[in-house]
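My questions will all concern the structure given below.
Naming follows writing order (A, B, C and D), and every chain is counted from residue 1.
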């Protein structure tokens, strides 16, 4: 039972990977996913978070099979 | 010594001509031009007026050689 | 009718055309951009508006439309609002093309475009130009319906 | 990348494309209009915005740009804002095309267009779409300068 964690743009470079699988044995918030995935640091306030391709707040609870993404402010268009 | 008086669109049809020459022997306001050109009626409030291709108010004074235009509200674009 | 094209110093470029001929707005935008060599790499944004003849108005089918204008004053007014747009916004180029004479449903009536470094000035200048044109430029529409014809009395509010 | 095109009932037409290939915005608008047979004579207005890569940013020359995105979420977000535009304004059709991958100065980055019966809804929907896209759609720009490269940190305010 895992979740997929994705990182984009400058954050992807900082984390050093674009994607990893995280085992989950209990419900986790997005903030807790960050902490587990990124070595116990707390989620930086400026980062954006999405679960299953939709923006969410950092206290959203995720479950096995979900795709969680972390990324910096967007700059398209 | 004359001025050119032009009419456009529905007003042109009502007046029955697109252009006429009006003799001038003294300074006239745009309103007075209308009255002389159009049989002593007073200038209808909804009409727009231009002198030498620029919008003016009806009390603007015109002189020989000027081109005065009267027309209804515009509907371009 | 001739193309009035103005190339001024200080990067002020405005083009105005009043034409009796049908025109393709996208082809004209393409051609205009091709001519903008001086803005290569400087233009970050272009906002455009294209107005097209609809086949009905106020509940009636419209078969053809006749667009009358005041030659001379029209061009002068469009030049004036283009100059004002350059004074108010940080823009690089403007283009206005307006059809006159007889036209049919789906024909392009008007094209307005504003090029700028950034999107705010491009949008604002484009909107300003079409609103000023609609409210003040001396054009008049006459519609031919299934039975009879009529002058259009007012434009749709912006 | 594939074209996501939606043809719904109730006259709701929205098209979204994310592409790695260079595209000509005016050619695409022309082609899109040709496909709009159902709106023949109904469209009175179209407002468009085209964003183009500039050759400098924050005072530095930019040689190439890399546009990263979040595949899947990007398209979903663009669909969402297109649907919202149809809910808020009386519009007939929308088109969004966004480039990703490597690009060069003067390349088109983004095209947004909204077709409507009248100009107010066309302008407002077009502006809404580009603002929402710029502020929230998951795209990121990385610029290659004469020396080195950097991620763009913020967009120009609208």
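Everything that follows uses one rule, which is that contacts are C-beta pairs under 8 Å (C-beta built on N, C-alpha and C of every residue); 3 or more make two chains touch, one makes a residue touch a chain.
Keep in mind it's a predicted model, so treat the numbers as computed, not measured.
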Legend entry - Shared interface partners, meaning chains that touch subunit A and subunit D: none
Inset, instruction - Let me have the rounded angstrom distance from the C-alpha centre of subunit B over to the C-alpha centre of subunit C, please. - result: 27
Legend entry - Centroid spacing, where centroids are CA-atom means, of subunit B and subunit D in whole angstrom: 49
Inset, instruction - For subunit C and subunit D, let me know how many angstrom lie between their CA-based centres, rounded off. - result: 23
Inset, instruction - Would you pick out the residues of subunit D that each touch at least 2 other chains? - result: 51, 130, 134
Inset, instruction - By the touch definition up top, name every chain pair that qualifies. - result: A-D, B-C, C-D
Legend entry - Interfacial residue positions of subunit A with respect to subunit D in the complex: 6, 8-10, 48, 50, 53-55, 69, 71-77
Inset, instruction - Would you pull the subunit C residues touching subunit D in the complex into a rising list? - result: 24, 26-27, 29-30, 33, 40-56, 105-106, 117-120, 122-123, 126-127, 130, 134, 156-158
Legend entry - Residue ranges of subunit D touching subunit A (in the complex, touch as defined): 51, 67-70, 72-73, 76, 98, 109-110, 130, 133-142, 151-155
